[in-house]
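The structure under discussion appears below in the form of structure tokens.
Order as written gives the chain letters A, B and C; numbering starts at 1 within each chain.
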Amino acid sequence: MIRAKAYDGLFFFYVALVFVFVFLPILTSFVFSFNSERFPTIPLGHFTLHWYTLAFTDADVWDAFRVSLIVSLSVAFIATFLGFCTAYTDYRYNFFGKSAYLALSLLPPTIPLVIMGLAMLALLARIGMSGKIISIIVSHVVLCSPFAMAIVRMRLAQIDPNLESAAWNLGASQWRTMREVIVPFCAPALISAFCLTAAVSFDEFAVAWFVSGLNKTVPVIILEILQGNTDPRINAIGSVVFVTSITLIILAQIIYMRKSTRKTLTGF
Amino acid sequence: MPIVVWQLVFFVFPLLFLLLMSFWLVKNYRMVPGFDSVNWIKMYGKGYFWDGYWRTLGYAGITTVITSVLAFPCAFTLAFKVSPTVRRWAMFFLIVPFFTSYLVRIFSWQIFLNDNGIINVLLGLVGLGPFSMLNTFFGTVVGYLTLCLPLAVVLQLISLSNVDRRLIEAAHNLGCGSFRTVFAVIIPLAKIGIIVAAVFCFILSFGDFVSPYYLGGSKPPTLSILIIDTTKSGQQWPRAAVVAITMIVTLFTIMFTAIALAYRRR
Amino acid sequence: MPTNPAQPLVLFDHVTKRFGLTTAVDSISLEIFEGEFLSIMGPSGCGKTTTLRMLAGLEEPSEGDIQLAGERINNVTVSERDTPMVWQSLALFPFLNVIKNVEFGLKMRGVSATERRKRALDWLERLEIADFADREISQLSGGQQQRVALARSLVTEPRILLLDEPLSALDANLVVRMQGVLTKLQKELGITFVYVTHRQSEAFAMSDRVVIMNQGRIEQIDSAKGIYRNPATRFVAEFVGANNILTGTVIAADELIEIETPAGRFKCAENSDHTWSIGDTTSLVISADLIRLSTSAVNETNEMACRFISEEFVGSIVTVLAETPDGADFRIQLQQRELSELDLNVGATIYVRWDSHDAHLLRDTT
């Protein structure tokens, strides 16, 4: 650590400011979701669950949650699987065109979501597939696989390079080695990737907005409500969404940190 | 290697299709396949397109600079002045919001920045304001920051934590003051991470429509808003495709330039 | 354990391994017999690990045949060979506990769960770590993990065990202890151990025979003592032990061979199977611990006046560094006691001498 204690306090204050900036909107949304006043400002009104009731007695909102759930779970499964395959291929093999292969797998996050949404919409509409749940799933998998791939790849980087050879050496076929060694080793990363991709999918609004048509996901509903007047239902919906997402993310991170530090061997 | 197939079909192909589509025509609200560069000519001829282009470019550029500058002291503190445990928890808490409810946070900012919103009320208590913050560039920047700042901090942090402490000590040992060391030694060493963070900021702010739309007043429009307008009202998908392709090309150019610069002279 | 003169368990027949343009192993032929402890030793990059990996099936020979128990195994996959290996990094499965690690090989062979556990426990007891059966790997010390790795490889009761520098990362005192464990184990089990290392002390302490490799070729195969006392090539002479090498020309070939070197004339007993002729170039090798030192000339054969440079104190043995008349290094190893009795100063002239029968000649001088 670098010395100089006097103005360290300033630094810490700055960091606190950044954190306040990041978390304040979330906090206020949460607080105001229970506020009785229609327009959120201070002073606060009284505590109420009115907005929650209002939001969740709306069939559209329930539908949206249902769709979001289906989509994010499906996406999580597929993206994690694809991400795992890619990460393992990258780890194990060296082949012609590998850089191109990697670039392709990791490129999606660099394309603005609006454009992805438009592209997916255009293509799917052309082949008559737009507006279906499966279209959202497909689009989200494209977006989320890179994250899954990165997480699993990081975990594989920690593996003892001889672990696979040791399994073969002890009589395990390639397929068995995958089942008994690689997958168990990557388990924390796989779970983590699953949770993360589910969260990303659950929260993604731009592409979903373009592609979902009548099968709206929750973020799409939020977008639509946003376009109207200030509607406090958003706070209610948003808080629920936020709690869901954050639970998933926290789960992902904790599982990864806990399991991987406990079970990583670095030789001796 | 199923992922290659998937990516090819669902990622590359749609984008290629977009390119193709930009040459199609729209007659009576329906698209007609063809090869006509009229969309390109018309779009590039429109003043509002170029306005939007340079504006978006400028917004993204400014945001990148602002975000990078604001992120640095935070990343620096977390890299050098706290214990590893604190650092890990900080990273954890910074990554969390990145993936959650960008929309809701923007909505909250709407409330905050509103003329009758919390900030103005508080300022009113001390006799200041009210300041018009919504529907201004300021609002847009606040939105972009919400999107980019955590990521910038995390990326810069990773790079800064990997700086070899001994080099810093060597610099001090040779008489370089703490402040100067930051610019003379630390930043050059963490150059890659800082540039990567900046590139991501740029990409995100360049393509985002939520912030300029909901906090910036949506007029005059950025390219992303232009796409949405062109698509949702008017069904002019080919025109939207033109905007989209232009955006992609611009982004790739900037990305490659930045990375080339970053890896030059290693 | 005496080598079995019958058919070897493992045969390398002119095996070569190339990686792109580099030749890692260059046409080696080697026989490994049942029940022996064989070490392959050499500097890094000599091809010893590649050789071991080829035996395990992790690398495929570019040329040549490898036979195991009389059958050619070039095309047998890793999983199908029964050549368990103990890895340098141990490669224990971090997500399995101790006993499950040991059971792994049995599980792959379809042994029932109860049977597996019983056999695994037997082995853990044999290696004195049965108490740790249900622990996680990370809870064990380095030496204990070593034993788990051993148990895991031996539980399937193979005919041969491969070991790839397993003791390289251990502390010095642990190394000695593990050497004892390995030697005892090998003798009790009677199976073949093929042990790769770069450390002379390990190879010499445990093996029946040692193979010295350099740059992909085998330099010498012999017992430890044989290699130490009769290095066959210049490389072995320089790599093993502390030898002095004097190169010169043969000037007489009678009962004793006499050679003329820049440092003087020396005589050597003919103890190799080579017939020497006058005019042959050869190198004389004399081990540093067979040299006697005095401060005055004794005028025996094989005596040389050197200049004392320095002494290197290692414990009870001291290595004296001297300079020959023609400016080359010369090393003498003696007891610390002896040296202090001589009371030497830097630059003093010392007289080294040795018995003709203690030196020998190398056939090649490269």
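Going forward, contacts are C-beta pairs under 8 Å (C-beta built on N, C-alpha and C of every residue); 3 or more make two chains touch, one makes a residue touch a chain.
What you are looking at is a predicted structure, and each value in this text was computed from that prediction instead of being measured.
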Relative to chain C, chain with the most remote C-alpha centre: B
Chain nearest the overall Cα centroid: A
Two chains joined by the most C-beta pairs in contact, as defined above: A-B
Intercentroid distance (Cα basis), chain C paired with chain A, Å: 55
Between chain B and chain C, centroid-to-centroid distance (C-alpha), Å: 61
Chain centre separation (chain A, chain B; CA means) in Å: 18
Junction residues of chain B - those touching two or more other chains: none
Chain C contact footprint on chain A (complex, rising order): 160-163, 165-174, 176, 180-181, 184-185, 187, 262-265, 267-268
Footprint of chain A on chain B - complex, ascending: 1-4, 6-8, 10-15, 17-18, 21, 70-71, 73-74, 76-78, 80-81, 88, 90, 92-97, 99-112, 114, 116-118, 121-122, 145-146, 149-150, 153, 168, 178, 203, 206-210, 214, 224, 227-228, 231, 237, 240-241, 244, 247-248, 251, 255
Residue numbers on chain A that touch chain B, as the complex places them: 1-4, 8, 11-12, 14-15, 18-19, 21-26, 28-29, 32, 39-42, 82-83, 85-86, 89, 101, 104-105, 107-108, 110-116, 118-123, 126, 138-139, 141-142, 145, 149, 196, 199-200, 203, 205-206, 210, 219, 222-223, 226, 230, 234-235, 238-239, 241-242, 245-246, 249-250, 253, 257
Touching residues (chain side chain C, partner chain A) in the complex: 56-58, 77-80, 82-85, 87-96, 104-105, 107-109, 136-138, 142, 145, 152-153, 156, 169-170
